[in-house]
Amino acid sequence: MAQTATVHSGGNSPFADLPPIYAKLAEAKARKGLTYDQLAKAIGKDEVWVASAFYGQAKFNLEQIEALAKVLDIPASNLHNEVGEHWWPNRGLGTTPPTDPVLYRLYEGVLVYGTPIKAIIHEKFGDGIMSMIDCKVTVDKKPDPKGDRVVLTFDGKFLPYATW
Amino acid sequence: MAQTATVHSGGNSPFADLPPIYAKLAEAKARKGLTYDQLAKAIGKDEVWVASAFYGQAKFNLEQIEALAKVLDIPASNLHNEVGEHWWPNRGLGTTPPTDPVLYRLYEGVLVYGTPIKAIIHEKFGDGIMSMIDCKVTVDKKPDPKGDRVVLTFDGKFLPYATW
Amino acid sequence: MAQTATVHSGGNSPFADLPPIYAKLAEAKARKGLTYDQLAKAIGKDEVWVASAFYGQAKFNLEQIEALAKVLDIPASNLHNEVGEHWWPNRGLGTTPPTDPVLYRLYEGVLVYGTPIKAIIHEKFGDGIMSMIDCKVTVDKKPDPKGDRVVLTFDGKFLPYATW
Amino acid sequence: MAQTATVHSGGNSPFADLPPIYAKLAEAKARKGLTYDQLAKAIGKDEVWVASAFYGQAKFNLEQIEALAKVLDIPASNLHNEVGEHWWPNRGLGTTPPTDPVLYRLYEGVLVYGTPIKAIIHEKFGDGIMSMIDCKVTVDKKPDPKGDRVVLTFDGKFLPYATW
Amino acid sequence: MAQTATVHSGGNSPFADLPPIYAKLAEAKARKGLTYDQLAKAIGKDEVWVASAFYGQAKFNLEQIEALAKVLDIPASNLHNEVGEHWWPNRGLGTTPPTDPVLYRLYEGVLVYGTPIKAIIHEKFGDGIMSMIDCKVTVDKKPDPKGDRVVLTFDGKFLPYATW
Amino acid sequence: MAQTATVHSGGNSPFADLPPIYAKLAEAKARKGLTYDQLAKAIGKDEVWVASAFYGQAKFNLEQIEALAKVLDIPASNLHNEVGEHWWPNRGLGTTPPTDPVLYRLYEGVLVYGTPIKAIIHEKFGDGIMSMIDCKVTVDKKPDPKGDRVVLTFDGKFLPYATW
Amino acid sequence: MAQTATVHSGGNSPFADLPPIYAKLAEAKARKGLTYDQLAKAIGKDEVWVASAFYGQAKFNLEQIEALAKVLDIPASNLHNEVGEHWWPNRGLGTTPPTDPVLYRLYEGVLVYGTPIKAIIHEKFGDGIMSMIDCKVTVDKKPDPKGDRVVLTFDGKFLPYATW
Amino acid sequence: MAQTATVHSGGNSPFADLPPIYAKLAEAKARKGLTYDQLAKAIGKDEVWVASAFYGQAKFNLEQIEALAKVLDIPASNLHNEVGEHWWPNRGLGTTPPTDPVLYRLYEGVLVYGTPIKAIIHEKFGDGIMSMIDCKVTVDKKPDPKGDRVVLTFDGKFLPYATW
Amino acid sequence: MAQTATVHSGGNSPFADLPPIYAKLAEAKARKGLTYDQLAKAIGKDEVWVASAFYGQAKFNLEQIEALAKVLDIPASNLHNEVGEHWWPNRGLGTTPPTDPVLYRLYEGVLVYGTPIKAIIHEKFGDGIMSMIDCKVTVDKKPDPKGDRVVLTFDGKFLPYATW
Amino acid sequence: MAQTATVHSGGNSPFADLPPIYAKLAEAKARKGLTYDQLAKAIGKDEVWVASAFYGQAKFNLEQIEALAKVLDIPASNLHNEVGEHWWPNRGLGTTPPTDPVLYRLYEGVLVYGTPIKAIIHEKFGDGIMSMIDCKVTVDKKPDPKGDRVVLTFDGKFLPYATW
């Protein structure tokens, strides 16, 4: 747990594009020394969803704001004021292509495996897409003697293309 | 099984960027009416890897070429001649951002969930990346009464950042 | 109705590109708990037009400024001062392609259905365009047991191409 | 009905990016002097969907191929061979931003009215999107003494954002 | 009048993006040694409109095709076949920004004088645009002892912005 | 005449790229309720040139600064201080392609009519360009019962290409 | 003098964008073993101008075509046919920024010294530009014991900005 | 000599990208009414180099800082503090392509004459480049009755390509 | 050793994209007159790694923060507060392509020698990549009578491509 | 040694941008089963230089052409004809940013370590650059029990910036 923690919200920081409350949330999380998983348990959601909400990519509902304010010791009114009922996410963060190697590898996954994945989806499901709206994302750590592995999963509804 | 099948390799087809043998492979696959999974079993690999190799995103070894030629009834020498030992993949297919909705949704996954995924990887693993080189990709169909779901998984080794 | 509501006008917020009064209008709307439709009725226009004017994509006339100031309890002089007679909209908001999924889907509509729509317009009307200047836009909610539907309509004058 | 009609499939023609059968279909349509609406009736679909399929933005099923071959007097086998069961659309046509004024006006609609439309969708439906996959597009001609009007409608399912 | 004239339709030639008949028209024009003005008189239009139609930026009607075929000694059927009733212009030529100095100077006119022109249009006409659809373009030569001058005029209808 | 008028000089306002005195000039113009034409008469120039100078696209000379200060009731020293003898215009305003429909239509004029205009200039003048430096721009209102028309004229010196 | 010489006119060769006669001219020049300077003397021009004309960036007049055909032993009619009176240069070659180091260094000259050069031009000449149309370019070799030097000169007319 | 002079260092001013001392230097130069040539004499360098250093494209050494401080009446310590020994130029100014016509003409020189210049350099010097690092740039005024001319010279060392 | 040194963290400075502490670190380094090599010795790392950490491209651990604070005489708490345990690098600095000639030459190395290096890597190692994560970078000075040389080395682990 | 080997020179192959002889050279190399190192020994150069020459990024001299023709059993005249004395490399291959992971990692090296490398070069050498013209590149394999390593070295002359 850090005594103090300042989260940079200028330059190319992802917080530079978000309402100021998000940098405050990140500072409170650092100060409390809580993980996304611990926060997730406090509000009854998964850690990746919570992380996406902490970067303004999802919308907290009223109960989540209350629970979050309590666990992070910040006034709920600050959250209501900036990202309450009147606010809607403007999704999509960062430049394209990303320069950060962690992000770039995900992007490279689309460049290299995107077309093969499309081919398999069509072969298994027909003409349509994997929804990125009705989609759940998880990140797991799989221990491995040759080096631990990151297991990243997108679980999205198949949507068949309409014809009319 | 189609009597004949011509695979377009001009315009914005992914085959337009690849050695001509790849369109021939796709035509043979269509003519034989085989799925990637059936081909994968024939050469002892996973279907997504086979699909990536069918789009020139991976390199068949000599045994795989022989097995493939047999199951698809095409001369192995054609494969050796074009994508044999002297050939190496030039990976990455298609324009960015992709216009096809199936590909775009994957790309949108990076835009919307990329930064949260990075945050979770750092929290769980420290400073480093999920390798897209030592990475296995799978696409599964999960039946669901509200509509079947696509489960897309990246299982990549965590690589800690070197310091020196 | 929110006690207070702060509308972020920095970063990638659409308000970042607009005169500051627009964020104030949005805050007043949130504070009053009014919908675009309720505001539209107050000034005698349609809700989509009002929303476009609230994002600086249309110009309020003097009567609309007076009516709006009254219903939102803000001084009309503030509106006159910033977006009064001397001000003209500089239309067009956001980056292209948009990263937000709601906006991207509209953009995808142009990518996928734009050329077919052009073909139908020529077949039905001849050589010319659908005006986006003399055009009315509406957004309706159509209840549906399989999931409510958004009905988005552009009603634009056909303009035949001049020859001379 | 034209005696002969050649459809340009090079340069910046949309057919330059599509399998060659699409230019052949367009030529047959011109030769027969049929409208998209007449073709649509022949295969039991709407004219905009048929136009989108004629530009490779949708996939004909086997029955549609048979019906189309009959009404256009072309061998069904040609269609099966190029865009039969083994083929899947690679959607998205043309450069962005479009230079053609008909297409540009649609694109301008996204630039100018996209953010207001998003605001209305959120206000009426909550956090989510209008699907462009489960979406029906129509183009109608509305007579008007001051100049006929194009009525373009997108009727798309609302998809609420998943939380998990 | 040239005995023969070949018009390059590859590389960065504007004809590279157009149906092949346009290069043939340009070759016939060169062979006959006719100016756009002479051609314009032959079909009863202005020279700039004819030049725009010779670059595929406008559509000849049936009478114009017949008149043109006669004055250029080419079969009208060739024109009907390629750019007859079934063909519609896909307007917009060349890369942006243009590299050719003649084109660039026009583009520079938009960069330097575009915003002042917008300000004057709003001051004189109110909220709206100068139509580029209902617009006539002329290019005149004005003799001047200090060097002849090009007088380029756009005469376009003012379209007031719809409100609804 | 407005009591007060604030000109936004942030976001995507053209004033955001200019020395702050230009927003002050625009505010003074609004406060005085003067048109560009009235200002032009006060300093002995044309209205379009004055508008271009009010957007930093031309340079006021010392006499013009004095005259302008007088008619707008602002200290001449402020103008001398910011855009006096030591200052030179950095011409070119706004993003490309422009998103504002008024500006875009001018840009579309280059896309659609640029190549035809180039062809006519070469035919009438030979190898060279229309100068955009020795060029006068005017915007006139032409009354028309079917809708008033904007007449935009570029009157530029023809410059023959040097050979050496 | 080469027995034979083939000039590549595909891929990223500058000849790929030019009428085919230009590659033929370059091949004839190589076969004859002539320098641009020798060709320049044969037609009475400077070598840099001749090189620019050999890359389609200037227009040969009729006498130059005759002289060139003689010195290169190629039929003048071929030149007249492709780049004769009916042809006009479409100037500007290559991608931007250039990847070739020779070209890039020139481009870097604009990036690094462009703004200082502009400042000096304004200080010495006032408000205006150095013409790139009425401009002569020379490339000289200056022997130097520490390594020979390239002396590249642009000698262009100063054009004062019009005011009106 | 101006009593006061403020140099804009926001928006698209080149000073917006530089340490604040550079705007201060430009203001002092304006206040003193000195030309780059007069400043150059004061520190023993050429005027173009001095102009490049005034735009942060070169590095003043300690003696130059002292001399400059004296002639401009500003504290040398301010210069040492911001652009002293610890500072290195980050060269390259402005957007590409440039919108300002003075800068654009230089850029057009690369587009139009770059490839011919490359051809002449290779013909006269062999495989290598003109250095833009060991390069001296001068701008001279050449009086001419038909209009004064700008003579811009790049005098750069030829660097042969290494082979190894 | 400078008495004072201000490091510009606005405009196009690399520090503009980083948490403010990095400009403070650079100022302390300048004030102390220490080289990266001296700092590297103080914290037990190589100079290039330290330089990369000083530009926010690597993460200091807790001991390094303590050692650095001591040698630079700044409070360790400032470092912990801004770039402590809760902070992770967002790697990648500057625009692409870079305009600064030092950076551009590295980039040109990729343009010119990238494909040959890829060919050699495949020939020597097979299908895979040189890791830029498990990679050590060094910069050495090699004295040479014809001019000292920079020896830049990337020592990265070969990662074979996974197949599955 | 392959009996036959066809090198794809279309699509996104690097050979698509080069004179056709380069694909022939690559095919001959594959047929002979020779490495770049073996070829390098045959013509007395380093393997990376030879690889760069095999991709058209360097120029073979007459002796190298003769030696190469002999070792590869191809007619020297073919090489003289296409890339002989009259030909000069047009350097720079592939799109930017590269999509191939091997190339991208080099590019990422510039993004992540470029600014730190620049800082070290200035600290050790002063104001100037590492030449990419007088630069030798090597790629070595360093065995390592934890996985072999690629050692990539750029050995380039330091060029101090001219002042004048």
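First chain written, first letter: the chains are A, B, C, D, E, F, G, H, I and J, and each begins at residue 1.
In this section, a contact is a pair of C-beta atoms (placed from the backbone, for glycine too) under 8 Å apart; a residue touches a chain by one contact, two chains touch by 3 or more.
Fair warning: this is a prediction, and the values are worked out from it, not measured in the lab.
Chemist: If you walk touching chains, what's the least steps from chain B to chain F?
Modeler: The fewest touching-chain steps linking chain B to chain F number 2.
Chemist: I need the common contact partners of chain F and chain I, sorted by label.
Modeler: G, H
Chemist: For the two copies chain B and chain H, what is the rotation angle that overlays their Cα atoms, in steps of 5 degrees?
Modeler: Copies differ by a rotation of 180 degrees.
Chemist: Thinking of A-B, which of F-G, I-J or D-E forms a repeat of its interface, with over half the contact pairs identical?
Modeler: Matching pair: I-J.
Chemist: Where chain D and chain E touch, do the two copies share over half of their residue numbers, giving same, or under half, giving different?
Modeler: different
Chemist: So how far apart, in whole Å, are chain B and chain G when each is placed at the average of its C-alpha atoms?
Modeler: 47
Chemist: With chain centres defined as C-alpha means, what is the inter-centre distance between chain A and chain J in Å?
Modeler: Distance between chain centres: 42 Å.
Chemist: Would you pick out the residues of chain A that each touch at least 2 other chains?
Modeler: 14, 48, 89, 91-93, 97-101, 108, 111-112, 118-119, 122, 128-129, 131-133, 135, 159
Chemist: By the touch definition up top, name every chain pair that qualifies.
Modeler: Taking the chains two at a time, the touching pairs are A-B, A-C, A-D, A-I, A-J, B-C, B-D, B-I, B-J, C-D, C-E, C-F, D-E, D-F, E-F, E-G, E-H, F-G, F-H, G-H, G-I, G-J, H-I, H-J, I-J.
Chemist: How about chain I: which of its residues touch chain A in the complex?
Modeler: 16-20, 77, 80-82, 84-87, 89-93, 132-133
Chemist: Could you please specify the touching residues of chain D with respect to chain E in the complex?
Modeler: Residues 2-8, 10-14, 26, 29-30, 98-101.
Chemist: For a test of understanding, state which residues of chain H touch chain G in their complex under the given definition.
Modeler: 14, 35-36, 47-48, 51-52, 54-55, 57, 91-94, 96-98, 100-103, 105-125, 129-132, 135, 137, 139, 141-142, 144, 146-159
Chemist: Can you list the residues on chain C that touch chain E in the complex?
Modeler: Counting only chain C, the residues touching chain E are 45-46, 48-49, 58-59, 88-89, 118-119, 122, 127-129, 131, 133-137, 159-164.
Chemist: Show which residues of chain H lie in contact with chain E when the two form their complex.
Modeler: For chain H paired with chain E, touching residues are 97, 99, 101, 104, 108, 111-112.
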